[in-house]
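This report refers to the structure that appears directly beneath it.
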Amino acid sequence: MSQLAASGVGLLLALSVLGIFAARRTPGTRLIYAACAAVCAGLAGVALLRLLAPAGGLESVEIPIGLPLGRTFLGLDPLSAAFALIVNLAAAIVSGYAIGYGVHAREPQRVVPFYPAFIAGMNLVLLAQDAFSFLVGWELMSLASWALVLSEHRSPENRHAALVYLIMASGGALTLLLAFGLLAGPEGGYSFEAIRRVSASGVGPIVLLLALLGAGSKAGLVPLHAWLPLAHPAAPSHVSALMSGVMTKVAVYGFVRLVFDLAGPPAWWWSVPVLVIAAVTALLGVLYALMEHDLKRLLAYHTVENIGIIFIGLGLALAFEASGLRAAAALAFAAAIFHVFNHSLFKSLLFMGSGAVLNATGERDMERLGGLIKAMPATAVAFLVGCIAISALPPFNGFVSEWLTFQAILLSPQLPQWVPRLLVPAVGATLACSAALAAACFVKAFGMTFLGRPRTQAASSAAETDRCSQIAMLSLALLCLLAGILPGFVIDSLGAVTQMAVGARLAPQSGQAWLRIVPIDIHRSAYSGLLVFVMILLAAAATAFAVRRVASHALRRSAAWDCGFPDASPATQYTAGSFAQPIRRVFGSVVFRAREQLTMPRPGDTAVARLQVELRDTVWDALYTPIIRFVAATAERLNRMQFLTIRNYLTLVFAALVALLIIVGTWR
Amino acid sequence: MSPLDSDIAHLLAGSMVLLSFLLLYQDRMFALLNVFALHAYALACSVAWQAYLQRAPHLFITALIALLFKGVIIPLALRRIVVRLGIHRSIETVVSVGPTMLFGIALVGLSIVVMLPVTQAEGPFVREDLAFALSVLLLGFLMMVTRRNAVSQVIGFMSLENGLVLAASGARGMPLVVEISVGFSVLIAFIVIGIFLFRIRERFDTVDLQALDMSRGEAL
Amino acid sequence: MSYSDWLIQLAQTALVLGVAPLLSGVTRKIRARLLRRQGASVLQPYHDLLKLIRKEAVVAENASWLFRAAPYLIFATTWVAAALVPTFASGLPLGAVADIIVIVALLGTARFLLALAGLDVGTSFGGLGSSREMLFASLAEPAMLMAVFTLSLFAGSTQLSSISAYMLGPGAGINISLALALVALIIVSIGENARIPVDNPATHLELTMVHEAMILEYSGRHLAVLEAAAAVKLLLYLSLIACVFTPWGTAVAGAGVLAYAVGLLAWAMKLALLAFLLVLFETAIAKMRVFRVPEFLGIALMLGLLGTILLFVSRVSR
Amino acid sequence: MGQLALTALLCTPALGAVLLAAIPRYRLAAALNVTLCALTLSCAAALYRHRPQPSLYLLVDDLNTVFLFVGALVGFSTSVFSAGYIAHELQTRRLKARDLRFYHAMYQLLMFAMNLALVSNNIGLMWVAIELATLTTVMMVGIYRTNAALEAAWKYFILGSVGIALALFGTILVYLAAQEHLGQGMVAMAWDRLAVSSASFDPSLLNLAFVFLLLGYGTKVGLVPVHAWLPDAHAEGPTPISAVLSGLLLNVALFALLRFKLIIAGNPHVLAPGPMMVTMGFTSLLFAGFMLYRRRDIKRMFAYSSIEHMGIITLAFGLGGPLASFAGLLHMTMHSLTKSAIFFGVGYISQLEGTQRTADIRGLTHSQPLLGWLLVLGVVAIAGLPPFGIFTSEFLLVTSTFARSPWLAILLVAGLLIAFSALALRLQGLAFGDTERRHLLPAWRLAPMTLHLLLVAAAGVYLPAPVVAWFRHVAGQLG
């Protein structure tokens, strides 16, 4: 099975080379994407088989290439299989979408060769059973996606995004390098097997810190998220879908692999930084998203929020595991991985939808969209499902993982330590807040893009996207629904993963009545997505039926009422900015140091009234600006060294000589 | 080796350090050239004495090179350059002479300190000879970096190199000393020719073709 | 779980639907009386609904399918949520498939759809309503969840039946956390049901309306369904408070007919009392400015959080 | 066989230099230059299999065969690159036919000097050879006779001369330490004898010697603070010379340093040379990293990158241990290949664009896609990203360092990141962005660059077992 998976990676790399030549023509481009879809589907199948296979040891294949002084192992253990399934399922569907969407790229030769390499990199990370191939995959993933972000390289914004991305990705990889260096020890036992066997004591906290920095920067944990909202939207939409929906999951995998698998048994306090960062990430992510009017950037910021939710689950799992509460740890961990799965589905879906919109209108700015629900019905339906699902509303999948996380939070009084016991309720409140804000955010996203009246010519002349894209989006929407109403299957297939990560698994859910899930105890909590869904359908149908029987069938189309002041201009509609204004007032003044300036002409004056809103990115100002300033200032100061005279340079040599002589002379 | 032999070697090497100080002290161009010629003679004597002591006739060649090339040709050539290029007759220093001398003394101290732990098995002769050579080298270097004038910088480099030859000749039985001294002579000739070709009036770094600060590739 | 349980469940599901307009009528009546007005009949909401249903529906020209489908979906989700709250009997079958978090989330779904419906026609008022609704929800929903957390931690369960049963049992008592949760829950109920001081269901004054702004474009049968949904929602909140904080009298599933009758009576009395208190509060206070509301709801959130933390600190959960 | 190969290795370029000095025709000279380099390369390859007996003067061992082969390879592909590059310089009349005789002769003389430095067993001979290499490169750096070129050559010459003097003093000190035990004369300069018996040498002399050698040869390596000649020499000379400087001469100087490190590290009582090398290496890395930001000249920028990488390699060797030494060796090899490949690309870029100013060059992946993407790959490789070999060596270096001295590893990572950011910043400016230009360049001219990058990529993915064993062996020797 591992061999199959490894050959899948090889195939993708081969496709990448083929892509250089195939990208010259549209059929070639389509072919490459179709092949990617097929390979990913195959890989997903392999991963699923591995996940459902009865528990067995890791069967890994040794590859004769790789690190010169070590051995390279590729293989699927339950953890990597779970992530491989998530990654490849989404990647397969996104590739299917790209068969239709990908041909619209302005320069396909800048996209097609890197796309399979990107997927191959992610798969390599998952398959790697040694530090070297892990990092090779990691860097390959970063590098390929960097090239993809640069595919529209003519816009300076994109170049800036790509630069920030590349630098931060590289910094993250270097911290992971340190982490592995620490784990491998001076003898360089780089295979995970060896690391687990040796498991040096006392390195755990540092590994945790490095994993938070390294994997966290890739995943988009605040304050290391800065690249994410720049880079994800800059790429072509199918790539954005992969970056946001899938690549961040690979980062989560990296964190889980390092902290849960390799770093040894956790201490209870490990959960504290994870939970704090996760909660801040969740809240800030959604607030950033709310302030954003660019559809793709909004989605990217929202990824930050979801990463926060995932890490809340992981932090809880750490706390529980450290205190020996294995069942609770399994619940929290399963919730996190379930959310990983969910997010990969709906975030890919939403990015594909935004791609369809972008393609149909040429606009990403929500202030210039509107009314697309009529021109693009299928896209609208799929996007709506994605919006509801991501807002964690039943009966879709986002709710289930959030519900599980809440259940895990409610178990936290069992924790013996005071700090997490005080912290967890606050985290829960943050989670609840961010969920509610997410709903607001996606009302805005869907409402401004698809509802109302078209705000520009481009929006009013849009047409539905192609068939491939529609099928891809609708199938993801269907998966969102299925995962929402049949969560038991997902939880059961995660059993082996939780067993591996925290040493326990949730009780099997498949035997429960109504296909409900019962994480702990039937008297404590249960949820049947299926039944809720069926009931809503029945209730809606019954109501509709009853109303139809009783009510008047007359329906008249007329101008909008609008309290008696209808205005023909679509400019009078609520805009994304005005929609978010109350929330900006409430939350933004602190977080973004938002400042509004209103220039209102006196009555009778015909001058234009102006409202200026200034938002500052406080994280960027507080963290990145000083670093950039420091580097720039140091570079500036040192740069004088380029313009010294020869005598000055000789003085340097002389000074170095005297200094070294003094050292030698004083050393005994 | 009799004590007298080593005392003479010692004396010659010591005189070179003294002459190095004199070089540092000079603030007139022609006086500097004269002192440098003396420096070269002292080196020649020292190397010749070593040749005699070590029964190494090839060292006489080195001594001869030092005498003729550094003691005669180079000073003459530099004198010509000074006249032809109209170089200032007084030497412009970065740090005034007083502190430079003090620093020079510190450098001699440093050379002795770093040579102190050298095992006694080598004998006091080699150890102190080396300390002198190192002092000459460092003083030459000091001169290079504290003088703005191209000619005095060249002289600094040559006195540095004299220190090297002193050390090489003091190392008993060291092969290639002659080749090395020839090689260095060529190098110095290059430098002197370079100064002449590029019409470097005041400093090494104003290769006086045009304002070179602008042509360092990356104008500020 | 027997057929009779399902019958009772079905009856309860139908009951909440049937009683909801009545509750709305009762509150209006009480309010009128408190304001020394005669007030309409308590059955007036039924008449209104019937009237609306029979009327021709006027739909804005550019309204999409979402606009027309939303009322039914909103109504259905609200109704399902209401059916999950024990009214006169607890321990019913549906309670075991959906807990209190699901109820909160179902209300969230309804709100989400309503906000979208408000945006669909593309008027300024609709957007205004949606925007404000989502702002309030962003505080009210976590506040409610925090109150729910307090209750769940207290009872060691998120099932309403279990919570209710626990409240009756010996473990319960007067507890500061419970009081905080109650206050939070009441504030949230006021906010969520568009009552004064957060919103005024009777106004169409543009600067103050929230809920009304969203449904401004609706008419005829669509409006009827939405009005019904609003009534069901009010009933839901009052039942929820009644079920958790005053669990006395509620029948347990499988008890006899008599118990059910007692439960029904007890429920009606609790509802009437709560309705009276609600209206009393409403008439005694003035409508707030929109930007005061977040502070009001923020208090609920803080109280809920405080309750949870106190509970976390004070006891180990079961 | 081995003796023959060794003789041929030295004689081919030496005779070639004489021959080329006499050939005025460009095409013939270029072809001959390539042929001679190919011959040298085959000699170097032959020496890997057939080692001649070491003499007092010459020695072929595991360590120098690595350097020899890499050097000959870079020399060969640079000669191919140079053929195309210089033809263009002739067309644009930046160089004249008479310069070319001089150029080619100097090229072969440089090859000779470097081969000699590598195979010499005598530390004095090695010194002389490096000296010669320096002088030839000085000549070539100044070949354009522009003000800037002359300035660069002059600076190189003066700083180089001082470096030479310091290195010689160090060599004398080593001889002094050795002659006590090994007797006077050549035998006390033979490296293989010195390395074996250094344990009984006077440690304080060795300490002192290493200071001078480090600064002296360090000047050639381009270590901060004695690096100042390097950026200008790279920037102002003809690009093939920049490639040879970065790919070859720096390595040769480093090789000399390593030889002495081996002697000195063999003595248990000395002040360990490691920390000094680590300090200088790290300083170079950090300094060059910061200097990269403000570079406006494309060649000077990559010259600073060379300083950075020589810093990393020096750091690795200074750190020692089987992993770090292996990493250093691998890094050195990979850096030679990659940096020379980058200079090949940069040479064509500056010819096509008619400028070396980074601000004036953009959108290369559009204007000349093959060249542009090769440059991207080259910079990606030099920045230490997979699948290229430098990633492998940095992986080994960072991981092995962190386990031993965590703070150093953190500093190392910070330095790497600073340099990486600057390179990424410049790369994006060069390779991407809006441009309407289109360049035509015959694909064969990019063959050397492609070859190098392929080799580096192949090494990053798969290093054949014999090579690994060889490197391991050498790393074991380096301690």
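In order of appearance the chains are A, B, C and D, and numbering begins at 1 in each one.
Methods note: a residue touches a chain if its C-beta (ideal position, glycine included) is under 8 Å from a C-beta of that chain, and two chains touch if they have at least 3 such contacts.
The structure displayed is predicted, hence computed values, not measured ones.
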> Measuring between mean CA coordinates, which chain is farthest from subunit B?
Replying inline: C
> For subunit B and subunit D, what's the span in angstrom between their mean Cα positions?
Replying inline: 31
> Cα centroid separation between subunit B and subunit C, in whole Å?
Replying inline: 98
> Counting in whole Å, what is the centre-to-centre distance of subunit A and subunit C, each centre being its mean C-alpha position?
Replying inline: 35
>> On a C-alpha centroid basis, what's the spacing between subunit C and subunit D, in Å?
In response: 77
>> Which positions in subunit A are in touch with at least two other chains?
In response: 642, 646, 650, 657, 661, 664
>> For subunit D, give me the residues that contact two or more of the other chains.
In response: 154-155, 158, 162, 204, 208
> Which residues does subunit B have that touch at least 2 chains other than itself?
Replying inline: 114, 141, 144, 204-205, 216, 218
> Which two-chain combinations qualify as touching?
Replying inline: A-B, A-C, A-D, B-D
>> Considering only the defined contacts, which subunit A positions touch subunit B in the complex?
In response: 642-643, 645-647, 650-651, 654, 657-658, 661-662, 664-666
>> Give the list of subunit B residues in touch with subunit D in this complex.
In response: 114-115, 117-119, 121-122, 126, 130, 133-134, 137, 141, 144, 157, 160-161, 163-164, 167-168, 171-176, 179-180, 183-184, 187, 190-191, 194, 198, 204-205, 207, 209-210, 212, 215-218
>> Per the contact definition, I'd like the list of subunit C residues that touch subunit A in the complex.
In response: 53-62, 64-66, 72-73, 75-77, 79-80, 83, 94, 96-99, 101-102, 105-106, 108-109, 111-112, 115-116, 119-128, 130-132, 134-135, 137-142, 145-146, 149, 152-153, 156-159, 162, 204, 206, 216-217, 219-221, 224-225, 290-291, 294, 301, 304-305, 308-309, 311-313, 315-317
> What part of subunit B is in contact with subunit A in the complex they form?
Replying inline: 94, 107, 110-111, 113-114, 138, 141-142, 144-145, 148, 153, 203-205, 213, 216, 218, 220
> If you look only at subunit D, which of its residues touch subunit A in the complex?
Replying inline: 154-155, 158-159, 162-163, 166, 204, 207-208, 211-212, 214-215, 219, 225-226, 228-229, 231, 271, 276, 287, 290-291, 293-294, 321, 323, 326, 330, 363, 365-366, 380, 383, 385-387, 391-392, 394-396, 398-404, 406, 409-410, 413, 416-418, 420-422, 424-425, 428, 432-434, 461-463, 467-468, 471-472
